[in-house]
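Presented sequentially are two complexes of chain A, the first with chain B as partner and the second with chain C.
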Partner chain A sequence: MHTNSVICADALTVRVDDRTLLDNLNFNVGKGEVFALLGGNGAGKSTTLKTFLGLMKASSGSATVLGKNASTNTNDVQKSVAYLPESVTLYGHLSGLENIRYFLSVAGVDKTDEDIFAALRKVALQENSWKKALSNYSKGMRQKTAIALALLRNAPVLFLDEPTSGLDPAAIDEFNALVSELAANGATIFMVTHDVYGACQVAHRIVLLSDGKLTGSFERVADTPIDTEAVHAAFAGRTL
Partner chain B sequence: MILRVANTICAEQWRYWLRTKVAATVLMLGAVLTLAALVVNAFHIEEAAHAREHLQHKAEERFKAQPDKHPHRMVHYGHYVFRAPTPLSVIEPGVDTYTGNAIFLEGHRQNSAMFAEQRQSAGLTRFSSLTPSFLALVLAPLFIILIGYGSVSREREAGTLTLLLSQGTSRSQLLLGKLLALAAASAVFLMPLLLACFYVAFSGESASLVALFSVSYAVYFLLWTVVVTACSALFEKSSASFTILIVIWMSACVLLPRLGSSVATNLAPSMGKLEADFKVEEKLRSLGDGHDVNDPAFKKLKQDLLAKYNVDSVDDLPVNFRGVVAQYSEQRQAEVLSEFAENRMQQELEQAHIARQFGWLSPTVAIRSISTVLAGTSLETHHRFLREAEALRLEFVQGLNKVHVEKLDYKLDMNRNASEEAADKAVVDASNWALLAEFKFEPEKSAVRISNANLYFLQLLFWVGITVLLLRIAVRRLNP
Partner chain C sequence: MMRFNDIKREAGFVFGHRQFKLTMLVVLLLSSISLWAGFAEMQEQQATIERLLEKDQVERDAVINHQSNYGMVAYYSFHLTYAPPTSLAFAAVGERDVFPWKHRIRMLALEGQIYESDTDNPELAFLGRFDFAFVTSVLLPLFIILLLYDLKAKEREARRFDLLNVTARNSHAIWTSRVIVTLVPLALAVLLPFVAFAVLNGAELVGIVKVCAIVIANIAMWSVIVLAIGAAKRFSQFSATHLASIMLGVWLMTTVVVPVTGHTIINALVDTPEGGDIVLIQREAVNGAWDKPVEETWSAFLKSHPQWTHYTEFDPKRDSSFNWKWYYAFQQVGDEKASELSQSYQASTLKKDEIASYIAWVSPSLLTQRLLSSAADTDVQAMVHYENSVRHFHASLRDFYYNRMFKAPAFSLESFEQLPQFTPQKLKDSQENTDEN
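What follows is the complex of A and B.
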């Protein structure tokens, strides 16, 4: 394990029945880094995410977050991370405000209403929608609510599952700006996505995943975003 | 910490139910139905208790108020005995609803429910009447399923389960929260029942017995709560958990109790009413006609009596020979009737015992056995009522026969049909009717009833073990 790594996959292998879902993954994600795991459908992105969240167990090797093994110290790991699911799955019968209060409560995080209002303002969720049932929210509004929840968790590590899927371009820009701001403030961000363009815009590093194996890696140099064309070609299996 | 998170999850589940009109309607409907059944049944039982007490008193008064009569006419005049409902029959009417509570006692016959509806007597299932126990044992689990089948699977389907677990909520905390919520919902159905138990505890029933009765029902409700929550956690889709739970409900509450009755009647078959009546009649005919002193069946009796008193003719006997024959005949008839009745009761009990063994396969059968035994409305209690009624019948009929033997002149008796005047002379004084004893049937003492239910408590305990195991599996296998 890398000494400064916040997230570390060390020969991580996950098998379910006879199928190998993840095969000997090795990578480290440092503090303040935006790390994107890029892959197509069935590549193993969600399995990787679930393994780091402790929702699936490693068959061999390890998945560690802040030095804690997600398979054995699941509760500790879950307390220190915030997770943003792909289709933001909050409760439709509750308002955005009620959803946040509920999830903070089960996570054991005490926040005042003022803290929650501040987080909702930070993610730019319109104030008149805070007390409306989530079933009336657009996908972008749900996404913002979930991000506000993640912010309120004060978690040093954020796991994002297809964060920009279904968002309109303006919402994607807003989201990318927020992710960059969080990373600049020291948060470590691990996202899984199949959105090459979005990943190149925001990630410091992109790692390609195919059939449960790592097949390539791209790194941002200084402030220049990663070359979309190169990543796209590698993702599609073409040579430039 | 575990409880704090579980409470939060429980409160959220309730908020969901209250905001979802379907769940709130089911909850309301269940509570109203239970309450309505209890109130209706309580009024009915209260009314029946007063009516039976009044009728019992009236029947005794009417018997004793009869004028001077021939004692054998009083034997056929007969008498009614009534069984007052037990306090807990407000909740559990048990076999009372189909065995009846009144018996007409008369000479030469055992008029009782024991020769009626014999094949149903071992049945622990009754689906026709909306009694509180039927609601609690059969319908309440259905309501619990309707409310709770999606409590965990809904979270999985909506994707909120992943988010919940990723917040550091443990599987045990999540299931405990869901369990608490469903237990509180089932308490909505249980509460009217417990209130009724509380009322019963102040109506002359033993407090410890009522407490045990209430706890058994609470455990039964908890069993269903655990089963519903565990299935909801074990199956990926709400539709799958609903289907499985309905199959479990059908098996436990409908099919297995019915199967138990069918297996019991097949393993321990009993005679039908007609067949039994014919056999009794045949046997009774062989005993001779007690109204005819010249029947050959009483030849030896006559000889023995003449020899005993050293006389040549029954006219010279110091006792009324007709009365002696009636007394002798009644005794022998009673022995035959009791033999058939005891056989019948034995068969019914055998059937009931077989059917109750199905409590190892269905908790509904186990709790129904506990319920009827503790409430004093079981088959055993009914049999005791029949035996006590028969003892009273034989006592008063033989008492009248004794009056016939000792207080009515034989010649006047034999001459009773000669004229109206002769008939008026062949009577005894009405004061003799005071021999009728007061009848008051009491169910077994609470300690006896509790001890009789021991096996069924074991069955319930067995089901507690099974559901705890199921819950552990659900906790282990709960995955988003």
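What follows is the complex of A and C.
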């Protein structure tokens, strides 16, 4: 394991029945880094994410977060991370505000209303929608609510599952800006996506995953975003 | 660890659903209506007993005052025997629906009087009367399934499950709390009306606590079944609807199939005489006695009553114009002839009950129903105990009249002050007395 790594996959292998879903993955994600795992459908992205969240167990090797093994110290890992699922389906009969209060209580995190309002403003969720039932929210608004929740948890590590899926371009830009800001403030961000363009805009490092194996890696040099064309070529070459 | 805040939060969450509040209201109504129905039935039975007791006394006094012969008084006097409803019988009517709980008996042959109303003998009460025991043992599991079948599956289908698990401080903070705030109101909706009716009916605290414990244990048992199915690894990818159908299958199997099959098996295993056969044997013996030589009756009677060997002589002047001693002797002989079949009937009834008690271990609903009937003293044991208390009372009546007919003292109204009176005794009191002896 890398000494400064916040997230570490060490010979990580996951098998279910006789199928190998992840095959000997090795990577480290450092503090303040935005790491994107890029792959097509069935590549193993969600399995990787679930293994780091402790929702699936490693068959061999390890998935560690902040030095804790996600398979054996699941509770400790889950306490230190925030998770943004692909399809944010919070409770539709509750308002955005009520959903945040509910999930914060589930997490055992005490926050004042002022803290919550500040987080909602930070993610630019329109104030007149805060008390409306979530069933009336657009996908982007639900996403913002979930991000506000993740911010309020003050988690040092964020796991994002297809975070820009279904968002309009303006919302994607807002989201990317927010992710960059969080990383600049020291948060470690691990996202799985198949959105090449979005990943190149925001990630410090992109790793390609295909059939459960790592097949390529791209790193940002200084402040220059990763070359979209290069990633796309590598990605398309693998999936076509 | 679970915190008070978790309970408070989940309570707010669960009660935020209109469907949950509606379900609680329906359970509260079902519980209240079933209790009211049982309460009204028991009030009616008690009123019947009181009315008959009053009538019984008036009629007997009239007979005693208009006759001058013990044989005639014995012939025309009726005696009410009864098993009064216990203070918890309203909650579990149990075998009071199947076994007679009152007999107006005479000094004649008894077995025919006991079994003349026997038409059926279903030891395994199933989908019977709509009483509190029915609601808690048969319907309540359905509400538990309704409330818990999609506890996790619903969240999985809504794709919230992973988010909840990752966000939750620990699994108790959400799942255990949610189960508790679902089940506690359910238990209250069922039990609060029961406690109110029990207090109104003057039930003892121990009995109330026992019934509450049985209902809570039933809720716990069904919750474990439902949650275990929901948590089973092999069902982890099943939809909420699919899980619900599995749970309903378990309910159907344990609540309907097991008791019905058990009933069939018990009837096949245990050979039970018909009540009608007992009546027939006894009546044939009694009717046939008229045509037999008197000595034959005396010979049979004196085998069991040797103390009257020297008192069988008939003196029309002393004993009245009719030989009542002989008449009651062949009634007694009629009972003795039916005795073997009658004992066999009771033994097989108890055997069936014993086998049913084993079958109940694979049917939580049947077990609950049996436990509630036992707590309310309305089970087979209690009804058999009543039947035997009728025999015991009848024996004391015979003893009273035999002493007067065979020894032939002068007829006196005062002697009827010693006439035995039927006093119902609870099964538990009777068992305690037996233990003390």
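The criterion applied here is as follows: the second predicted complex is superposed on the first by the 237 of 240 C-alpha atoms of A that agree within 3 Å, B and C clash if a C-alpha of one lies under 4 Å from a C-alpha of the other, contacts with A are read in each partner's own complex, and residues count from 1 in each chain.
Note that in this section a residue touches a chain if its C-beta (ideal position, glycine included) is under 8 Å from a C-beta of that chain, and two chains touch if they have at least 3 such contacts.
Every value quoted in this text rests on a predicted model; they were computed, and no experiment measured them.
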Q) Quick one: chain B and chain C on chain A, clash or fit? A) clash
Q. After lining up the shared chain so the two structures overlap, which partner does A:89 touch, if you call chain B first and chain C second: first, second, both or neither?
A. both
Q) Counting only touches as set out at the top, which of chain B and chain C does A:139 meet: first, second, both, neither? A) neither
Q. Thinking of the overlay built on chain A, is A:53 touched by chain B (first), by chain C (second), by both, or by neither?
A. both
(Q) Just to be sure I read the superposition right, which of the two partners does A:108 touch: chain B = first, chain C = second, or both, or neither? (A) both
Q. Of the two partner chains, chain B (first) and chain C (second), which one does A:81 touch, if any: first, second, both, or neither?
A. both
Q. Both chain B and chain C contact which residues of chain A?
A. 50, 53, 55, 75, 78-79, 81, 83, 85, 87, 89-91, 93-94, 102-103, 105-108, 153
Q. How about chain B: which of its residues touch chain A in the complex?
A. 1, 4-5, 8-9, 12, 15-16, 19-20, 158-160, 162-170, 173, 479-480
Q. Where on chain C is chain A touching in the complex?
A. 3, 5-6, 9, 13, 16-17, 158-160, 162-170, 173-174
(Q) So in the complex, the part of chain A that touches chain C is made up of which residues? (A) 50, 53-55, 75, 78-79, 81, 83, 85-87, 89-91, 93-94, 102-103, 105-108, 146, 149, 153
Q. For chain A, which residues are in contact with chain B within the complex?
A. 50, 53, 55, 75, 78-79, 81, 83, 85, 87, 89-94, 102-103, 105-108, 153, 159
